Amino acid sequence: MGRAHTLRDIAIGCLVVAVLAAIPWMLPGKAFQDFVIRCASMALFATSLNLLVGYTGLSSFGHGLFYGLGTYSFALLMQKTTVSLPLAFLLTLLISAATAVVVGAICIRLRLIYFAFVTLAMQMLAHSVIISWVGLTGGDQGLQGGIPRRVVAGIDLGNQYNLYVFSAAMLVIGLLLMRHIVATTFGTSLRMIRDNETRAAFLGISVWRVKLTVFVLAAVFASAGGMVMSLFVSGAYPELINWPISGDAIFAIVMGGVGSFLGPTVGTMILLLLNDVVTRQTEYYGLALGIIILLFALGLRRGVLDFVTERLGGRPAGGIH
Amino acid sequence: MSDTVLSVEAIDVFYGASQILFGVGLEVRQGQTMALLGRNGAGKSTTMKAIAGLAPPRRGQVVFRGQDVTGRKPYVMARQGLAYVPEDRQVFPDHSVQDNLVIAAKKGPAGQDDWPLTRIYDVFPLLTRLKARVAGRLSGGEQQMLAIARALMGNPVMLLLDEPSEGLAPIVVASIGTLLKQLRAIGTTVLIAEQNMHFCLGIASDAVVIDKGQIVYRDTIAGLKANREVRSRYLAM
Amino acid sequence: MRDRVGRRTVLVASAGLLATPWIARAQSNPIKIGIQSIFSGPIALLGTSSRGGIQPEIDRINAAGGLLGRQIQPVYRDSKGQPQEAARVARELVNTDGCEILLDAEASSGAFAVQEVVRDLGVLCVHSNSETSSLTADPKLRVATAFRSTRQGVHDAIVGGAHSAKVATEKKLSRWATCSPDYAFGRDTTAQFLEFLKHFKPDIEVVSQSWPKLGQPDFTEVITKILQARPQALYSALYAGDLSAFINQGNVYALFGAMQVFVPAMGDLPVLTAVKNLPPGIQSAARYLPTFPDTPANAAWYAQYRKANGNDYPTNWSWESATAMRFIEAAVTTAGATDGKKAAAALEGLTIDSPFSTTGKVTMRAEDHTLIDYAIGWGTTVPQPPFVTGIEPGDWGQIFELETEWKKKNGYI
Amino acid sequence: MDLDALLDCVTTSSCVVTQTVSGLIVGMLLFLVAAGLTLIFGVLKIVNFAHGTFYMLGAYLAYSVFVGTGSYVLGVLAGGAGMAVFGVVFERFLIRRVYGANVLMQLLICYAVVLICDDLVKIVWGPDFRAMGMPPEFQVPPFFIAGGVVPPFYLVLIAVTLLIGGALGLGLGLTRVGKTIRAAAINPDMVSALGINTTLLYSMVFAVGGMLAGLAGGLAAPVRSLTPGMGFSILIESFIVTVIGGMGSIAGALIAAVVLGLIRSFGTIGFPLFTEGLMYIAMIIILVVKPSGLFGKEIV
Amino acid sequence: MLQITGLTKRFGGISAISDVTMTFNPGTLTAVIGPNGAGKSTFFNLISGAFRPDAGEVLFKGENITGMNRAAIVRRGIGRAFQVASFFPSMTVAENLMAAIAAHRGQWADLNHRFPRQGVRARALEVAEMLGLQDSAGVLSANLSHGDQKLLDIAVALALEPSMLLLDEPTAGMGPEERWRMIEKVQRLWQVQNLTLAFIEHDMDIVFGIASSIRVLCYGRVLAEGTPAEIRANPAVIEAYLGTPDAEDDL
């Protein structure tokens, strides 16, 4: 039965990529492709944060550290070394994982609001290092001059359409992998820890190991999202590691629904659409967005997808109460 | 009855999905000290909380001084003249004894001020000596004294005492008993929840026995004392 | 079960949500020009003042029948000052909104991101606010269809250095301190300024350097640190709100009486009018001043700007953006097309009339796509209008000479 | 790093005096903001991410009143009073709905308020910065103590903040309301059972917290620039102060704020390029070693 | 089965449990009783590894398990249920049990296979049936009645195939009817599963109704141990806990 589920998920994933790949043939506007690329990046990031927030009950305020680390590591590897793109990709994942082991080992000892603060402080520290280390990172100007050598197996990711299909595939693969993670027994352990940490420990689960593992996994997927962004903007900017990027991801998951696997993806689409549409209409972007957030937070009291799921008779979401 | 201060009428209380009280009813008259007896987990504390506004009943009524006060907030109940002394005392541990008392000071519902701080210290000489001490550092008995004194600071019409003897050394229990007799002598209306019937003997005039969330027996305390069967079945062996 | 519901919902919802905004739009008759800048956040004023410079130009062109017979339709977008957002907006302006030309009124960090987009898209783009020299000076960063219609950091540094050296020699100022915002603009500007100051007056000594954070609420500790070092002169690249706070807090410590202060960003009207108790005698560059160049054309432009913009003051970004619009007008007219390559070819080396030049003309230098011959000079502050007096124009001959040396040193040529 | 300069400074009386005063002024204004933050957290267990906005609005309000009346004192009072009212409204209509909710929900609500207020400020006062300027009565030259520069205006500010801080400390410690607030922080149910309307008490706490931030904004207005979004950097620094001092501890906030001010004033001489990073490192170390901060109690 | 010698635990200088020595024989159904604050829950917490004892020794099936962590003790076969029902509210009954079984089988860190793996579901339904929860298998556990939640808590402990089970007040917070239903299930479980079972209980009807032996704790010390008949007759217990029927004459 498990295998059947996996196969079904993969089939749906392939279908989504295929459909997305076909859309530009019917709808030639490039903005849709831009939107999907940005969505892919943010959705990977937000879903990875939801592994922590929604599935494990770890409210991180500093997850953007790994997103930013992904953009910078990848862009730097591509600019300053001669490694190939896939290798740079793997190395970036490794760098993020290694960093997450250290950061996670420090942070996960803390609980609740203290965990949130220490992760935020970690991100702020990383941001000030990026800003101060001008020689390597370009400081506040970001890494400039573009990302060269974007050709993988004869496909040039500098080409908009290729990057678009690549990003969509990345998103689908990332989501499938994360979907798999939460569907495994390990994923069940996450929910057990979120629901009742004491009970989980009494069942023989090493809570510390599970938390650190998921922290590292989430960091890896966040940095994958960061790399997509790095390819899209052809560089890396300090804003991509600054605190508001974590805020965006939090916003996306709360808006989309922490209790549904695809909630963060939906939230990301809403967030980006809002961003694109509202900034078109008014320069009082904050005012409009703030009001919409308030309506959501106080009116719906849960994410869109959680709301829909409940309306359709599904079980209540488990994350934020 | 005109001199009825508190009347609890067939209340059902739930915690979440599970029902704790089943149609509990009792009545306390002006100046009466009523004992609510029962074993651990019989529903005494829940009854007290339901009256104090901390566990609103789902069905039934609480009538206090002629007014239906079912489901009112705790502070409204307190302002109506009901003083609640919880089971675990709940003194403010970081505050001094005096501060614990000062926080609770208020006029009674009819504006009476029978319990100024000076009188409290007269009645509780122990607290006079301890007034600068941090409440968290008091012994269990001292905390119980403080909790009762604190309740009196609000010039209540009626006191709700939840297991005042619980977990205290016999000698301390005796001194609490002496205090409660004093209060009874000056006509304070009291509802006291207890496991320990013996403690209530010299204090309460009447008793109701609660078991498994239901009132199973009502009588004068003397009547209860004489009823060996009820006692062994609901209170001891 | 739950997941299937979720996924189906998502698919339906996303299809509905996504389809509408991206139906491709056919090229319409008016010429759409994408104009992006910072319209929100702490420096939204600059974006607004850029628009204030651009819109009257467009109105003027449209009133005269448009460009190549087509009306100009500006499409303004806010990038919030974030590079990745600037890049996105630039793409969207061209790809979705069908803009044929970009007028990029971003600050430097945004401009660099837009530059990369323009490299991909190949449209005509004029950067109207980024003063960072490398954007056009560095051949690796240069883009065939991208131009810059702004003052340039290195020009400012040369003129500032020359002027400051002269003042320093007159007043015998040898102990210098600097206080600039801790980010690329602040650091680069300060380094270039000191480089050229030392070029003109080699015997100066830098005794203290402070790097307050951008938007830092309190500069007190920085001010006292400067006082501790007892310099004879202070250079600061602070600007706008930070500069105003610095001056207010410096006044508390009587900082401006204790040393000669050089502040290039002082000479912008919003700062000069907002700062209360403006200390006299600060040496400042003229960013935009109605009295420099002191010509009827400039005075007329100033009057027209204030009239068109609810009596707001123009900023440095206003004249730069207005100039960008005039260059676009001239280039498209000359080329007879909005096509990136053709218009760029027309724009290279183009000279136009301009109120913002002491000679009445500015030129888009062909070799590196950057603006020259604009008004550049330094003066001294006074507490009331015209706020900056005795402005001494820079010498363009000297600028070119030292600029070439500087380019060689940096390996740009 | 410039350790020689730091050594030079700490061995010169003029430098020590000047930098200490400048550290104190930075610290004391920070304390006012952090005190409100920590008070709200201590009693309500709410992390008020919108606290910087209170500071900003207080400053703008003070600015407008000053421009209108010419009185700095009135301006500061208006900032404080206005933010007390704003705090009550904020608590009553927004925060009250998310008591006990996940911290992310609280964060989101506060974030929305920050976005809205920043734009409202832009609409009302314009996008460009505003400067109040020094009130005429304070336009006096600084004097010197042991060779160090001491501006009279800052002495007044330090005195006023100390006074407010002292009044707050005494108020919480000695008055009945203060004692009740502290009791409610520990056991709100019991406080309610004593006849005290805790709902009202919570509004009051927000009023006091808002007032403190508003006063800080008003007091700082003559020397700082007013911009939409100016609350953010203050918020971050007050967080560091609150976390280091201990969430919920006013005394901790005072000490941490002064320490932070001194770190800034001496750090800018010794480590001019990494003062900010130093603060984050301090915050991380404190959180890891003692999550509850120097004076706080851990919440479980 | 379980031998405890000289067990002591202090909280801030106050001894919650002092020098407790007692034995639980295999296959017994033991009630642990005592007044509030007697240290009964602390005692269970010490055995199950939630707290580390300050002194003393706990031997389980001859092995010294003193100071081991919770997970290690669970793996050795001591399961426990809690005073406040402890389970995973966002999961259904079946998922709760499957999760517990998977954790017990050491699959909790398994990132390769989907949950639940082979055989887990069948076993979960088996366990559910032991406590009569089979009909609620698909119900979200948060929506269960209070009594069923307590049952689920026990079932979760049972999923670990313990040889000894500690139940902290299995009937706490229940109405009278519900209590007896609960206790009948516990008793049947004990009989059918051949468990060694210890439970804390306040309801003396229940205690004397089903326990095969009784331990009385008072102020952190063992006051008495023995069969129900022995306890009923023990003067120390009567004085300290149960109360003397004739004591009122002394007052």
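As written, the chains take the letters A, B, C, D and E, and residue 1 is the first residue of each chain.
Note that in this section contacts are C-beta pairs under 8 Å (C-beta built on N, C-alpha and C of every residue); 3 or more make two chains touch, one makes a residue touch a chain.
What you are looking at is a predicted structure, and each value in this text was computed from that prediction instead of being measured.
Counting only chains that touch, the fewest steps needed to get from chain A to chain B is 2. Chains that count as touching both chain A and chain C, per the definition above, are D. When chain centres are defined as mean Cα coordinates, E lies farthest from chain D.
Greatest Cα centroid separation from chain B: this falls to C. More contacting C-beta pairs link the chains of C-D than the other of the two pairs B-D and C-D. Note on chain placement: the centre of chain A and the centre of chain E lie 43 Å apart, centres being C-alpha means. Centre to centre, using the average C-alpha position, chain D and chain E are separated by 51 Å.
With each centre defined as the average position of its C-alpha atoms, the distance from chain A to chain D rounds to 34 Å. Within chain B, no positions touching two or more other chains are listed. Shown for chain C are the residues in touch with two or more other chains, namely 39-40, 44, 182. Multi-chain contact residues of chain A (touching two or more other chains): 284-286, 315.
Every pair of chains that touch is listed here: A-C, A-D, A-E, B-D, B-E, C-D. Chain contact summary for the complex, chain A toward chain D: residues 53, 59, 61, 106, 109-114, 116-118, 121-122, 124-125, 128-129, 132, 247, 250-251, 254, 284-287, 289-291, 293-294, 297-298, 319-321.
Within the complex, the chain E residues that touch chain A are 48, 50, 70-71, 74-75, 80, 82, 86-91, 95, 98-100, 102-104, 106-117, 140, 142, 156, 160. Every residue of chain C that touches chain D in the complex is listed here, in rising order: 39-42, 44-45, 48, 182, 209-211, 213, 215-218, 220-225, 227-228, 240-242, 244-245, 248-249, 251-254, 270, 274-277.
Residue ranges of chain C in contact with chain A, taken from their complex: 1-3, 5-7, 9-10, 13-14, 17-19, 21-25, 39-40, 44, 77-78, 80, 82-84, 87-89, 91-92, 95-96, 108-109, 112-113, 116, 119-120, 132, 140-141, 182-184, 187, 214. Contact residues on chain D toward chain B in their complex (touch as defined above): 176, 179-180, 182-183, 186-187, 189-198.
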